[in-house]
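Some structures to go through are shown next.
Each of the two complexes below includes chain A, the first together with chain B, the second together with chain C.
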Partner chain A sequence: MKPTKWITALLAAAGIVLAPAVQAQEDIVIGGSIPMSGVFAFAGIGIHAGIQDYLKIVNDAGGIKGRKFKYVFEDTAYKPDVSVAAFKKITGGNKVSLYYGDSTAFQRTINPELERMGSIMMAGASLATEINDSKKYPAQFMAGPDYSEQIGILLRHIAKEKPGAKVAIVFSDSEFGRDPVDEFRASAKKLGLTVAVEIQTAPGSVDVSTEVIKLRRADPDYTIFHGYVLAPIPEFVTQMKKSGAKSHFMGTFWTMDSSTVMKLGESGEGFMGVMPYRYYYDTSAKSPMLDKIRQMRPEYQSTPYLQGFLTTMLFVEATKRTLDAGKPLDAKNLKAALNSIKNFDTGGLIGVPITIRGNSIPVGRIYKADMKAKTMVPASDWIHLE
Partner chain B sequence: MRIGAAKQSYAADEALFDSRTQRIWLGVLTVALVVLPFVASQYWLYLTCLVGINIIAATGLNILTGYTGQVSLGQAAFMGVGAYTVAVLDRTLGTPFFINLIAAGGIAMLVGMVVGIPSLRVKGLYLAIATIAASFILHFIFANWKSVTGGTAGLTVKPATLFGLALDSEFRFYWLMLPLTAVMVFGAANLFRTRIGRAFIAIRDRDISAEVLGISLLRYKLLSFAISSFYAGVAGGLWAYFFRSVTPESFPLLMSIFFLAAIIVGGMGTILGGILGAIFMTLVPEALKMVFGWLPNAAEMAVHLAPVRIIVFGILIVGFLVFEPHGLSEIWRRVRRFFHLWPFRT
Partner chain C sequence: MIDFDWLLLFEVSLAGIGSGGLYALAGLAFVLIFKATKVVNLAIGEMLMMGAYFFFAMASTLGWPIWLGVVVAVLGSGALGALIERLLIRPMLGESPISVFMITIGLSSILVGAVELIWGADQMRLPDFMPSDPVLIGEAMVPPKIFYGFLVATGLIAVVLVVFRFWRGGIALRATASDQAAAYSMGINVPRVFSLAWVVGAMVAAIAGIIVGSISSLSPTMGVFGLSVLVVVIVGGLDSVAGALVGGIVVGLVEAWSGTYLGGQYKMLSTFSLLVLILMVRPYGLFGTHEIERL
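Let's turn to the complex of A and B:
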């Protein structure tokens, strides 16, 4: 073989070998510490599907500026040390620009590393008030209102529905549960509401008879539960209703999945709560993105699914804006691009255009359980906290 | 084949490593551990650092449970005491890391001694419950002593610094973790060549007989709790420097069960057992993840494979308990015996 042919053959071989590597370099990588097993698996599985679906939509449409998104994830079983291991593994093997974290503990632990790396913007399952601080967490955000903002939205609704009402909060003895308690007191005072009682229980406790008596004595007009997924809410609601109490019961985001609320049974009729997104089956207004989701997945999709979906939408939008500005995909540019989002249409996932100023989207709506129809129906307009 | 090890002095008889082969292998291991951070990825270094911390905590628990026979489910809470000590000292006094780590061990040791008092009256499951209660009390203190512990939000910790160099990456932290783990493990191994260690073993084997032989149960049981908690405190302090964030939820009861499982799987009452158990409990879930990842369509099947992986891990633990109740250290010993006699008798 002539030398020129040798060179041609070698270049061709090199091309074959290097082509996938070049392609991989061009991909924009979203990493994920996802709780596919463990106590938070119910959410992790939904989040995982939501991320995959939105990326499928984007990649099928050609990606962003010809670059496709690649999603690399690891199961964490909702353990912070395993989440960190997953982060190290994924970021060690890929050039990651965006990352989905699974918990407040993980997002707090990895924050110094994020700042040191400066190359990754993170969002995740944590809606902790602490994360909603763009000075302390400059490379992170959340696709919804933080827990304090959720309580603020609930109290705004109460103040409008029944000015001067007596409100109670029942929260779990955990970081998650205690998160918005200070804000609850402050907001209630500001809105002219009376704090009837504050009750703390063990997370997931079942026997709450003494706490129910305490709540009944306080006789609140509204009772807000926070820091639980389900238990002990059914016990409280059932026993309070049996005793003839007229309190309205409310929950925050992680309680508000339709399938979770429906587990309350008949006593859950009228159970309300704050939701940052429209429910999968909510057809009360035009929502092209929900239509697309329904086409892709004809069966009901959970609220964590919507959270994963919207987070990915914001990841992609921030990436698009960064690339449009001709800037490299690093944490600073991605976050600046995210914070440039004003009056953004989520395709109806959130009923109003959104603006992201800091680390959260302080918008939500009150939904109410209709046990006969087995659905959650809107009970308020979209409430935007300034 | 190993013919025999002629001992010509009591010192030789008591040596931790009594043959040339052992010393050569120890040298090989040392070289491997020194080379490791230069060749391992960030992910494997992270896991190695985590294994090191877990080895210290598991060795501490092994001293108490494996050697002294005192069941404890408070190891994670003692680690929490150590972690908070480091965090508080770091934030308030800004003392160097080695002072903070010694203080972490010291404070945890004092707390451990208090928690160990019930061991004078109760043992077995009753003592386990007492230590669980103690860990709940400590958890309550972590969550509610807001002015010191930062409440539920916890405290953040600056990285340890050595000669002005921040140990803020796995590579740098490794050089703190490795010698400390080695010192703690060798310290534990040496402990059982002393009167104190032999007293612990005597108490484990029959406490009444030990007392008849003149061993003060009060002194030695509390001493065992103290040493074990010291180990947990140092491990907790290292944990705080490694993760740089300490909250009440960082050290749940499940973590204590993790350490108890580690020493049972590794082999109670052997130093090697604590080491192998900590390695097994930390690395096997990750190894299973890797193995499951090789399956065809693993990414698409992730939702179904995740729980299966946990079941397999559980089955592995049960399997060890059923087929080798003396743990991984006994398997290791059998492998060694095989090579001692090889090729004549296998």
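Let's turn to the complex of A and C:
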């Protein structure tokens, strides 16, 4: 064979070998352990749609530096073991740079593996205070305030609305429920509020009459519920209101989807809670990103949708900054890029520019239920914890 | 002691007795099935859940009047009970009690799966159909749903006791419970008695489910309620209707007191400590028959 033919043959062979590699580098892969079924499906379905929609916007606009994003997910039914199996499967078959996890248990379990791999930055549904520790969880973040910060935001609002108020917390006897209780006590003390009572409900408890009696006797000005999606909040609120108690009732993020709050019915009038994002239908200020979402999906989109959407926006922004700096897409560079975000405009999803110093975005706003209009309306300005 | 809040104790005790009535009602469904068929039905919580979902489908989704929704849900649950008995339990006649016990565990998963497939896993609320103003007993305020739930539960238990005493089917059921072979020889259609027990048990469970669902909310996890019901029937005696009533009230009171004075996290601990204690002192429960087979 002539030397020129040798060279041609070698180049062709190299082309065959290299082509898939070049192709693989083109797509930036976001993996996802998504709870599309099971008890957390109400959130998983929204999160999934939010991720897909933001990626569609980015990919339709040509991607980042000509590279498009590919989203690979598995349904986990909100089971940590299934989430881990999905993670292994997805990362085994794809060069994953970013990953959405579905729970605190999964994100905690997979953290040593994430650190060992060093190639993936993770965010997810967990807003646990524990995850908001950039030393312990250097490759993770959350697209909102952690549960302790949410309680801090609620208490700040209370202290401003009624200085010296009596506050109560009702929480489930679960890891999720107990998460912000220490912060509740500390923040209340710092803000000059009086803790009227702390009530812990048994997991899966059906009848909370005795807990309502305790709450009624403590007579708090404000009652914060945490560690629930819906039950037993309606029973607490209805029984308290019917007994003539004047307490205001508040919830944290996973209770605050509009459709969930509306299930409280008449007794939910005035129910307040902390929201890291504007509601889908909130037109009180300019929000080009919400306009875009409303254009893409004319029907109401849940708060988990917004969480998935914003998480993906931050994934993409961190990727863009990493690629702009000419650095490889690994966990360290992606996280450093994420932490370089200062006064970032989310297109109005969050009403103020955001800065991500650690693993969370400690910003939120109080919304209040208007049962007649069947909407949540702003009850405070955006509150930023230092 | 002077500062002790007696009114709180009274209110909490009333609430405990009220929720004990609900436990007793669900316990009654368990006892009816066990008494006649000797089947330890671990799917009792899920049968209760099915009744609540049937009611939700009628009263909320289809918008039927509440009374019609209740009637259809109870009848539908009875039909489901018959189906379960015919398809899953009867073929197991003569098999080891452990096998039947395992069938009921499988049944609970099937029912949860069916609910998730049809209605999804989200929490839902039943339409309010009970008076919502608190009931005053002296100075004590009793939550309305618990109060009316207790009335329904005790009324229904009384009806079942009377029916057992005087109705032919009830007597057949008691005869079968006492001695199956003798009941056969006396011309009692024992398989039909088995069916009857499952139908009536499922119907009673449906009523308990509708009340429990209206107090809390609907979700595929509401079968967890069945765990406390198991404690109730073991405390009361697996085959004793009166035991279900007393066991329900005892467990209701223990949960209420421990929840109030120790904290919500101690409710389950107290309930199961009571279970262990009762089993150690009276292994057959407070009112149970001594020769009950243990699994």
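Basically, the second predicted complex is superposed on the first by the 361 of 386 C-alpha atoms of A that agree within 3 Å, B and C clash if a C-alpha of one lies under 4 Å from a C-alpha of the other, contacts with A are read in each partner's own complex, and residues count from 1 in each chain.
The definition used in the following text is that contacts are C-beta pairs under 8 Å (C-beta built on N, C-alpha and C of every residue); 3 or more make two chains touch, one makes a residue touch a chain.
Fair warning: this is a prediction, and the values are worked out from it, not measured in the lab.
Participant: A:Phe69 in the overlay: touching chain B, chain C, both, or neither? Say first, second, both or neither.
Facilitator: neither
Participant: For A:Ser37, select first, second, both or neither according to whether it touches chain B, chain C, the two together, or no partner.
Facilitator: both
Participant: So, does A:Glu130 touch the first partner chain B, the second partner chain C, both, or neither?
Facilitator: In the superposition, A:Glu130 touches chain B alone.
Participant: So, does A:Ala85 touch the first partner chain B, the second partner chain C, both, or neither?
Facilitator: Touch status of A:Ala85: first partner only.
Participant: Who does A:Lys242 touch here: chain B (first), chain C (second), both, or neither?
Facilitator: So A:Lys242 only meets chain C here.
Participant: In the superposed arrangement, which partner chain does A:Phe271 touch: chain B (first), chain C (second), both, or neither?
Facilitator: neither
Participant: Look at A:Phe141 in the shared chain and tell me whether it touches chain B only, chain C only, both, or neither; answer first, second, both or neither.
Facilitator: The answer is neither, since A:Phe141 touches no partner chain.
Participant: Just to be sure I read the superposition right, which of the two partners does A:Tyr279 touch: chain B = first, chain C = second, or both, or neither?
Facilitator: neither
Participant: A:Pro232 in the overlay: touching chain B, chain C, both, or neither? Say first, second, both or neither.
Facilitator: In the superposition, A:Pro232 contacts chain C only.
Participant: Identify the residues of chain A that lie in both the chain B contact region and the chain C contact region.
Facilitator: 37-38, 41, 173
Participant: What residues of chain A sit close enough to touch chain B in their complex?
Facilitator: 36-38, 41, 45, 48, 73-75, 77, 80-82, 84-85, 88-89, 91-93, 105, 108-109, 111-112, 116, 130, 173-175, 178-179
Participant: Sort out for me which residues of chain B touch chain A in the complex.
Facilitator: 41-43, 46-47, 50, 143, 151-154, 156, 159, 168, 170, 243-245, 247-250, 285-286, 289, 299, 302-303, 306-307, 309-310
Participant: Note which residues of chain C are touching chain A in the complex, please.
Facilitator: Against chain A, chain C makes touches at 5, 8, 11-12, 15-16, 18-19, 22, 116, 120-125, 128, 132-134, 141-146, 212, 215-217, 219-222, 224-225, 255-256, 259-260, 263-265, 267-268.
Participant: In the complex of these two chains, what residues of chain A are touching chain C?
Facilitator: The touching residues are 37-42, 173, 199-207, 209-214, 216-217, 229-232, 234-235, 238-239, 242-243, 263, 265.
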